[in-house]
Amino acid sequence: MTSPNATIATLDASLVHRLPASSPTLFEAKKQKNLTFEAIAKKLGREEVAVAALFYGQAKASADDIKNLSELLDIPQDKLESQMAGWPDRGRTIDMPPKEPLIYRLFEIVQNYGYAYKAVLNEKFGDGIMSAISFSTKIEKETDDKGDWAVITLRGKW
Amino acid sequence: MTSPNATIATLDASLVHRLPASSPTLFEAKKQKNLTFEAIAKKLGREEVAVAALFYGQAKASADDIKNLSELLDIPQDKLESQMAGWPDRGRTIDMPPKEPLIYRLFEIVQNYGYAYKAVLNEKFGDGIMSAISFSTKIEKETDDKGDWAVITLRGKW
Amino acid sequence: MTSPNATIATLDASLVHRLPASSPTLFEAKKQKNLTFEAIAKKLGREEVAVAALFYGQAKASADDIKNLSELLDIPQDKLESQMAGWPDRGRTIDMPPKEPLIYRLFEIVQNYGYAYKAVLNEKFGDGIMSAISFSTKIEKETDDKGDWAVITLRGKW
Amino acid sequence: MTSPNATIATLDASLVHRLPASSPTLFEAKKQKNLTFEAIAKKLGREEVAVAALFYGQAKASADDIKNLSELLDIPQDKLESQMAGWPDRGRTIDMPPKEPLIYRLFEIVQNYGYAYKAVLNEKFGDGIMSAISFSTKIEKETDDKGDWAVITLRGKW
Amino acid sequence: MTSPNATIATLDASLVHRLPASSPTLFEAKKQKNLTFEAIAKKLGREEVAVAALFYGQAKASADDIKNLSELLDIPQDKLESQMAGWPDRGRTIDMPPKEPLIYRLFEIVQNYGYAYKAVLNEKFGDGIMSAISFSTKIEKETDDKGDWAVITLRGKW
Amino acid sequence: MTSPNATIATLDASLVHRLPASSPTLFEAKKQKNLTFEAIAKKLGREEVAVAALFYGQAKASADDIKNLSELLDIPQDKLESQMAGWPDRGRTIDMPPKEPLIYRLFEIVQNYGYAYKAVLNEKFGDGIMSAISFSTKIEKETDDKGDWAVITLRGKW
Amino acid sequence: MTSPNATIATLDASLVHRLPASSPTLFEAKKQKNLTFEAIAKKLGREEVAVAALFYGQAKASADDIKNLSELLDIPQDKLESQMAGWPDRGRTIDMPPKEPLIYRLFEIVQNYGYAYKAVLNEKFGDGIMSAISFSTKIEKETDDKGDWAVITLRGKW
Amino acid sequence: MTSPNATIATLDASLVHRLPASSPTLFEAKKQKNLTFEAIAKKLGREEVAVAALFYGQAKASADDIKNLSELLDIPQDKLESQMAGWPDRGRTIDMPPKEPLIYRLFEIVQNYGYAYKAVLNEKFGDGIMSAISFSTKIEKETDDKGDWAVITLRGKW
Amino acid sequence: MTSPNATIATLDASLVHRLPASSPTLFEAKKQKNLTFEAIAKKLGREEVAVAALFYGQAKASADDIKNLSELLDIPQDKLESQMAGWPDRGRTIDMPPKEPLIYRLFEIVQNYGYAYKAVLNEKFGDGIMSAISFSTKIEKETDDKGDWAVITLRGKW
Amino acid sequence: MTSPNATIATLDASLVHRLPASSPTLFEAKKQKNLTFEAIAKKLGREEVAVAALFYGQAKASADDIKNLSELLDIPQDKLESQMAGWPDRGRTIDMPPKEPLIYRLFEIVQNYGYAYKAVLNEKFGDGIMSAISFSTKIEKETDDKGDWAVITLRGKW
């Protein structure tokens, strides 16, 4: 049997100084409870990516999120409320271009297909942008005879 | 009635020096025929984004693609074959971070959600990456009472 | 009497390669007609900054804009329609940080007040962003006993 | 009822090392008192953005500002006087281009409209610059049937 | 006799803040035991480079790897399990271009031969990439009358 | 039958200004003759990658190379001698980090394994570097039941 | 006798694409007339540096400047008026940090003494800046027994 | 009466890690004694800017400087001697381009007038450079009916 | 016998746009005459490196240099005088860090030994710099039983 | 008599975090003993620059070096052996371009003379590079009636 700890995402110590105070609190508790983001997302009633974004300080937690996280992770609610009180200061966790190969692939897709996306979006929707704020995203796993496929969906208001 | 030319994507002159010789050939013919990528994609039997990527030199055209493009756009087939003979030299069309606001939003999603995507992908699939090569992508338009939504799907082999 | 040519904005030759084909067409005609953006804006019924943005390829011209520009500047309408047909490829005119002292001051305001703006906007509007797309901007001149004041207003949908 | 702490801006721990000693002092007290910048600005008789700039070390506090801040936030006046004694070392809080989406939108406006602003300002005011020092700025909230609008005004001496 | 400590690789203190918590743990034990990567690799049944990559946090340790490392290096297994639990956050150890002359030479090979590799790979394999994930690499030492030769082999799935 | 032109590497027009005069001469003739680097390498008695490097101006052609290239590609020998007379000005063909996904993978290997390579090389060879000048490299294709594998070998004098 | 051409500043061909159209016109005539900036400055009644700045497109010529330049350099006045009509697009002639050793020394002074200048200016003048617009600068030559000294004076409104 | 502390330059805590050990020692004592650089300069018999440069570690203190600083600031002489023993490691206090608006203006002058300075200096002095080492600089305050003017003089050996 | 053209340095076409007009003139004639820099240096009575620097526009030619170059290379003297009239605009030929492996090695020496050189120079000469202007440099070839050694000497006024 | 401490090179505190653990150990002892690199070099029988490079972690100490350093500087030998055990991680002490004026001059020489060095080296030695590894360097002081001259010699295997 593989080590259960090996199956969940934890926080790399060298990232901590780029994150709000809530991030080590949350990740430490997640590790103690040995919970996947899937399990936490179910409890919070949100998409897994959104929950992971909360952990990395990239999204604003609602009062309900904080209450649920407190219960699920056994963190005192007032501690979480204080640490998650601020408005997210997004985007500073990562240096671009990303060095992590898995994240780089997403960057590479923007680099290669950027103008193609723009051309098709402009033809379909006219001038404007897809919002990255009124926006949701999710990851699904599909399996066929070639193996596993990661399917990422981005859905943004035009 | 709005100008029909206004509805299709064309090639900005200031981009030409970053593109292979086939790009101005293809875009010029597209403009003359006043065709959307949707119309061209139907003819080629491919996704719109893939076709736009062909126009920007970001994908390798098959012999069938070349034949279809030649017929649809009235470009001599040998000219297209010669100009599209090479292997794509991808990624140089755009400087990163992208300055175009529409493309920047996609970049911003990677910047904000990069670690969240990685954490969820690792938990769902284990160590590895989502291929950006064995990969397909598409854009769909959804409309609800809040207005239009752009839905971008990325599907890559793990 | 000062030279009339000296009073209007023209296009610096060293910028042309960064702009769409319509930019030199429009600026050349503006210079021949010796028209300010104020005069052109009156004819088009738009803000001066929006008109200047059209000239620099940073905004999409409507069919009416093209018709009005054609009449006012004596440019054949089909030429303008063809040159302004594409979707704007925004943001590439300028390298950031801007070297031009006048534009640098605006950049400096973002650099110095960026977090202050964010803090006040978050407190007033909650989480989110001010759109730079559903957005208008204008410049006004005020004069008091200390001299002239430039007043720039940015108005964006939250 | 939402958590009151959630409604005010606080200081992200990962920013502290870029700020003068007064910044954590001020933000900590603001959080304890649960005060918005609007409330503090009323007490100081200054614009909200200017007050937020004081908190981020981007502006010089007057003796009156220090006295008022001391009273309102229950910080010993000599502590504030000592921490705010220096001349502001402006501009180092943020890396440009800004990664925070909300601040990036302001940067994007400069990137897209920079030359348009310059052209209109030169035509209206002649050669010169708009001062970013003899300068004031404010944020207002407007609401119409489309929703809320953020209105930012920049007013600088020519 | 040369100092035995001089013959093994250790961890430079100035690198520690870029590495996961497991790296100083592993390197410290390696130094105490005075073991080469060759010796450790034999115990783990893996290539030396792969083992060194584990030490630098660039690869995911299997449960067997952790058990073997624990035994060989006298590190409590639960400590290693906890420190090596996360998914590797690859690529951040080094700034590119690398300043270290030995690593720079590998970078230089990519810089000089990049297009040559691509041209030959495309002709041999068609469009696509060599995976850096389904990938193995090793270093061998060859000696002839001219001296020693380092032979690095990269083997990746197309 | 696939188009024969599609199977060989050609020169992207947007790269020409970064290459010596000999590069378009050689690639144009290669395209006319429809020769792979494998075929040319056989004639020259050199590794394919070395021949491709000659085409991109990254290596010095010997008098024999020039004579063989002239015969095989029907290029007047004095033209080749004149264009290939200079000492190679290496490394400027490509911007680093490489944007091309295939070349990026090689870069990524250096980024991820750089310190691992260094540690193992130092332990095996002592202090020093692997020469990138007294150096040869080759690409081989291996096929097993998982598919094709690209095997790149770097061999450099220590 | 030294070559007279050797004693005056001319325009390096590799700079032309960064300059407005007036720059090669003015420098070419200066070279034909073999005039120093000192001689031209006397005619225009301005400081030498200001005149050189006009030649490099870094300052706005008055109607008188244009008239004087036209007479002194035998350039048709309407040609100069047309080429110098625009508002200067300052700062793009040079990449920073400057590579030219002579200009680098000035950059180095800012780099080394920047905070020292700021501290003394703040103590002498309070919070604010020295204008680089309401600004004049001149170069003088002093000679003593140690040789020649360049004395540059910057004078800006606080 | 304004707070006396407000009138002197102090050291921003966020700069300390870029400075030698002597800088916080000196600035702390300056703050305790509430001395301007003008007062310290008088004691040392040097220009104010040179003294400020000593405080920021940008200049080598003579034995006399150390003795005078020790007396004036009540710092044990052996402490100062030890902390100021090294040769200055100049230029690392500041990132270029400078973000501080006041220092940026000096940078901007080099950016805008760089080539103009070079052209005039070359014509006046021939080929060579103005030394930034055999160099002195000072700041003076002039006042006329338009207000205050900062006059910075740079004097360097040719 | 090796091709004689192969033995001399020529000018890579892709560098021309970074060089003054004199550079292609001089290199073309050097190629026609098939002269090494050693031969030209003998004629001019200068060091080879200085002569090569003249060819790349990095040094000011004296009237004698121009006369000698004209005679030796059969270039009309007035053509050379006109093209070499300006003051050198140094440093822009190359992007730093240099990509060329041979030039990179020199850069690497500065990168690795920079502080070591500074420490020894300060101890030997006191505070100050080694001039790169009152400066000469030369290359010598030494041969011993290990092979050839390049010896570069830099000699600069303190 | 000048202060003896003033005459030797010490370690700037702000550099420590970029250096191996041995650097502060060595520099602290050097300061206590008040030894120049010249004195230490005599003891070690090596060039001064090589010794300084050892202190900055840019070179590998031999067992003899460590023994000699231990004796001369009164550092326990096992402490030095442990701290100097690793293979040097070269090149990270300094950011390029160097900001220190003295080191910048060496960088500037590479920037200005880079292609000239390459051209002469290629003509003298053929294709290849000068090794920066099989390499020695030294600094000498020459004095003539013009003053002192620094003479730096680089000697590398071709």
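Per-chain numbering from 1; labels A, B, C, D, E, F, G, H, I and J assigned in written order.
Here is the rule we use: contacts are C-beta pairs under 8 Å (C-beta built on N, C-alpha and C of every residue); 3 or more make two chains touch, one makes a residue touch a chain.
Here is each chain with its UniProt name: A, B, C, D, E, F, G, H, I, J = Cyanate hydratase.
Just so it is clear, the structure is predicted and the values come from calculations on it, not from any experiment.
Between F-J and E-J, more C-beta contact pairs join the chains of E-J.
If each chain is reduced to the centroid of its CA atoms, chain B (Cyanate hydratase) and chain C (Cyanate hydratase) end up 29 Å from each other.
Put simply, the C-alpha centre of chain B (Cyanate hydratase) and that of chain H (Cyanate hydratase) have 55 angstrom between them. Listed for chain C (Cyanate hydratase) are residues 8-9, 15, 87, 90-91, 97-101, 104, 108, 111-112, 118-119, 122, 128-129, 132-133, each touching two or more other chains.
Under the touch rule stated earlier, the contacting chain pairs are A-B, A-C, A-D, A-E, A-F, B-C, B-D, B-E, B-F, C-D, C-G, C-H, D-G, D-H, E-F, E-I, E-J, F-I, F-J, G-H, G-I, G-J, H-I, H-J, I-J. Taken in their complex, chain H (Cyanate hydratase) has these residues touching chain G (Cyanate hydratase): 7-9, 15, 36-38, 48-50, 52-53, 55-56, 58, 90-91, 93-94, 96-98, 100-103, 105-125, 128-132, 135, 137, 139, 141-142, 146-158. Partner chain F (Cyanate hydratase) is touched in their complex by these residues of chain J (Cyanate hydratase): 60, 87-88, 118-119, 122, 127-129, 133. The touching residues of chain H (Cyanate hydratase), counted against chain D (Cyanate hydratase) in their complex, run 2-3, 5-6, 8-15, 31, 98-101, 104.
Touching chain A (Cyanate hydratase) in their complex are the following residues of chain E (Cyanate hydratase): 17-21, 57, 60, 62-63, 66, 81-82, 85-87, 89-92, 132-133. Those residues of chain D (Cyanate hydratase) lying in contact with chain B (Cyanate hydratase) across their complex are 97, 99, 101, 104, 108, 111-112.
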